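Listed next: structures, encoded as structure tokens.
First subunit A sits with subunit B, and in the next complex the same chain sits with subunit C.
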Partner chain A sequence: MQILSFINYWVNITAIYSIFALSLNFQYGHGGLINFGQVFFLCFGAYTVAITAQLGVNFAVSIVLAMAVSGFVGFLMSYTARNMGGTYWGIATLAVGEIVRIFFLNENWAAGGANGISFDVKIPYFEMVTLTLAALSFGFTRAVMASPFGRVIKAIREGDNLPLSLGKDVFSFKKKTMAIGGIIGGLAGALFAYQKQFINPEDFMPIETFIVWAMVVVGGKGRDMGTLGGAIIIQIFYVGTRFAKDFLPIDSNTLAALRMIVIGLLIMFVMMYRSKGFFPEKRRLYKVT
Partner chain B sequence: MYSMIPQLIVNSLITSAVLAIIGIGLTMCFDILKFGNFAHTELAVLGAYLVFFFNVQIQWNLAVAMALAAVLTGLFAMFVDRLVFKKMREVVDVIPMITSLGLSIAIRNGIRAIWGSDIRVYDVQLSSGVQIFGAHFTYSQIWILGIVTVSMVGFHLLLKKTKLGKAMRATSDNRDLAEASSIDTERVTLYVWFIGGSFAALGGAMIGWDTQIDPMMGFMIVIPVFCVVLLGGIGNIYGVIIGAIILGFVQNFGIFIDFATLINLGGLLNIVDRVLIPVDYKPVIPFVILVIILLFKPSGILGKEKGK
Partner chain C sequence: MLLSIRNAVKIFGGLRALDGVSLDVEEDTVTGLIGPNGSGKTTLFNIVSGFLPNDGGEIYFKDKRIDKLSPDAIARRGLIRTFQIDQSAVEMTVLENLLVSAPNQTGEKFWRLIPTIRKVLLEEKQNLEKATSILDLLGFKHLANEYAGNLSGGQRKLLSLGRMLMAGPDMYMLDEPTAGVNPTLIKSLLAFLRKEVISRKGTTIFIIEHNMKVISSICDKVIVLDSGRKIAEGTPTEIQKNEEVLACYLARAKKPR
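Showing the complex of A and B:
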């Protein structure tokens, strides 16, 4: 029975992080936006759900609300990208992510402050729901990337000049990229809250951003299938090593540290030797006739 | 309120000194290698823990411990450059930046695995310190200000008076041109890592000397240090000093200033009574400043104008 509930947990968390990784891959892998504050989407999505679910709003509506809030946050965030170069923007987003977390930590009226916020809503067949939504997110990003819009944001990733010369409004495309990424990230946050039934600011430490970055770079940026692969690999490792303390003579603090060392080294090695990831993006060639 | 000003100045100076000495390595590395090294503050934490090892665990004198920690951290920084970042001189800046993110996670958790997550303090005698102009200095704070001043002056002399300093300035101005003038830029880069690493280690040790250390402190200071570097303009070591002073003072004074006068337009209106930034938001101040600089003046206050 225990093993069954554990598998349930693993399926849920992997599906949720896959959605979260898809949202980062959409922004960074496809759109070239280096967002080191990705966790704020998770944060806004989760808090929207926690607050609305407490008020008795039903599951579907609260999820849609979470996606809307998060998408709007992404849209607002994109305004800072207008006059910032890629890496500068990365540093700024890291700062914004922390500002958001410290806000929720200190404002008790907003959502319980450091004590967090809990609600008791059980969703039947929750793993079916998360898997379906993960599949839908995957299909959605694939569909977007197959559209003309997808081709333009890919072109923008390679530099602003070419799309500008074709008369594309680069900034407006970046805004949409951030908003769509935010909507997907908000969905991940919403499911994260329903999975845990309790959230507090500790859940939204910058380390969550780095783990999801590890998923995207290990899997292969710019390829949704690769991102899913990365999410599954990292989650197997992350959740699986929790059991290592049962048969290894180390305490849980050291174990947590060792686990993060492996994640850090993995990011480094992938960047050093396989900077395209384990499932690199396929180049699509268009026939010129 | 006014009686607190001297003490606030002292606190601001200490914050500034630590940020400046850590920021110097980051700004040089950012300038010469063209990427923001997120692992830089982890070098400070490593230095702080090496001092803890020498000073507390094997009971050596604090001065010896700090000198050894600075050298070892400098060597470690050189080693990391050889092993990791040397391969990435020619690629776009995103790749080394993400690599440094991975490196920072690895170092931080390495420290956590070796020394544990507990808060640590050095073996320093508590003393009453001295009163200067109504402000209280501990002896360690006087030493900190002294060491930072000496290091800064020393580094200034190195840059301006020695051949190595000239080579560093040339490499930072234009790497290709420096290479064409037969400057061994790879060797210069190694020196930059060494100096940056040792300075960071000293900065980390100063945090431990003044207060306490824990493995997560590297992340706590990474944004403030980036903020200082960007305020001053990347590659400008005098800018780092000015940026550190600005940030140190704003952070310490910010939570004591009553913004009511400002909002009431100096007495014209009477909208609010007292508007203070809550103490809990003190750590947010550098974050907000950072975002504002990046939005409006990414080249910093003293930044060299790098043409488009």
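Showing the complex of A and C:
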């Protein structure tokens, strides 16, 4: 029975992180926005759910609210991208991610501070819900990228000059890219909260951003299928290493530290030998007659 | 007058890159812009297309002032430029480079994708047809699904012309379309320009070029810049005889007195 509940946990967490990784892949892989504060979407999504669920709001409504809040945060965040390019903006987002976490940590009135916030609302058939929503997110990003809108954000990934010279309002596209990424990230955060039933600021350390970046980079940036693959691979490493203590003579503290080393090595391996990830981006082929 | 520049000034630190340049580009003509290196040609292009703010003067396009607009807003008014350094989206295919250039696409408005889906699909079909015909003109049909990053430098210059044709502007601003292109390809590029672009009615071209053969074969009028000032204006033959122009190209100091 224990193994069954473990598999159940693994499926849920992988589905949730797949959605989260899809949101980063949308922003970074497709749109070229280097967001090192991706975790704040998870954070806002999760806290929105926790707060509204405590107030007795229906789970479907709270998920939609989480997506809206997170999308709005992404939209606001994009304003800082107006005068900041690439990596500099990435550093700013890292800072914002930390500011958000430390805010929730220190402001007890907002959501319990360091003690976190727990609630008792469960989503029926949770595995089915997470898997379906992961599949829907995947289909959604694929559909968006097949549209003319997706084509423009892909062009923006390579620099602003060309799209600007062709009359595309680059800043407006970046705003939308951030908002859409935020909506998907907020969904991941909402499910994350429902999975745990308890959240505290510890859940939103910068390491979460690192892990989701690892998923996108290992899977293959710019390819949604690759992102799913990356999420599965990283989650196997991340969760699977818990079993290692049954076979190896190491205590669980060392193991937790070892886990990050293993993921770091995996990233290094990918960078050296498969720089485009395990599932590299594919071009869209058109039939030309 | 399609484009009219009045006393344009651009200052970089202590350098007056443009020092009160005034010029006009008439509709349906090809106007060349020449001058030695560092004379301010590309700076002029940059302030006209909105990529750099001007520090003085006014710019009018279709009788409306454009010098306070953003580059994309200027492009939407029908003034499209190319860059001296290639800006092709190298991670996209040749065909995608063309498709993304189509103006006013309904499908670019994200929040309206679903309600307008039929229109979007119809436009996509039309744009694909248009892009295919441009590929044909460029002789790129076999390269349609090739990454633009795999094209040679000369092919990318052709692709940038293809993107412009797709965008269908009222005025084309070409920044050294033949720089770094081999002589054979220059010929076909020129032939392409003449046949597919210049011959179309209502096509106005403003072109920066170093190659005098190119200038004399396509330009109706030539404007010469030197040290941020306009020093001459006239037909290619007049310009080639103009002493001041010759002097600015062949260092003034050596001119016998």
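Just so it is clear, the second predicted complex is superposed on the first by the 284 of 289 C-alpha atoms of A that agree within 3 Å, B and C clash if a C-alpha of one lies under 4 Å from a C-alpha of the other, contacts with A are read in each partner's own complex, and residues count from 1 in each chain.
The rule we apply is simple: a contact is a pair of C-beta atoms (placed from the backbone, for glycine too) under 8 Å apart; a residue touches a chain by one contact, two chains touch by 3 or more.
Values in this document were obtained by computation on a predicted structure and should not be read as measured data.
Aligning the two structures on subunit A places subunit B and subunit C next to each other without any clash. Of the two partner chains, subunit B is the only one touched by A:T254; subunit C is not.
When the shared chain is aligned, subunit B comes close enough to touch A:V217, but subunit C does not. In the superposed model, A:A92 makes contact with subunit B only, not with subunit C. In the superposition on chain A, A:S275 makes contact with subunit B only, not with subunit C.
Looking at the superposed arrangement, the partner reaching more residues of subunit A, out of subunit B and subunit C, is B.
Computed from Cα centres after superposition, the angle at subunit A between subunit B and subunit C reads 80 degrees (steps of 10).
In the superposition on chain A, contact of A:S5 is made with neither subunit B nor subunit C. Judged by the touch definition given at the top, the superposed model places A:K154 against subunit C, while subunit B stays out of reach.
In this overlay, which is a superposition and not a single complex, subunit B and subunit C have their closest Cα atoms 9 Å apart.
Subunit A residues in contact with subunit B (one complex) as well as with subunit C (other complex) do not exist. Listed in rising order, the residues of subunit A touching subunit C in the complex are 144, 147-149, 151-152, 154-155, 157-159, 161-170, 176, 180, 222, 281, 283-286, 288-289.
On the subunit B side of its complex with subunit A, the touching residues are 35-36, 84, 87-88, 91, 93-99, 101-110, 112-113, 116-117, 219, 223, 226, 230, 278, 280-281, 283-284, 287-288, 290-291, 294-295, 298. Interface residues of subunit A, counted against subunit B in their complex, comprise 34, 36, 80, 83-92, 94-96, 98-99, 102, 105-106, 206-207, 210, 213-214, 217, 253-254, 256-261, 263-268, 271-272, 275.
By the touch rule above, subunit C contacts subunit A in their complex via residues 49, 51, 70-73, 75-76, 80-83, 87-93, 95-96, 99-101, 103, 105-111, 113, 120, 123-124, 128, 132, 135, 141, 144-145, 147, 163, 167.
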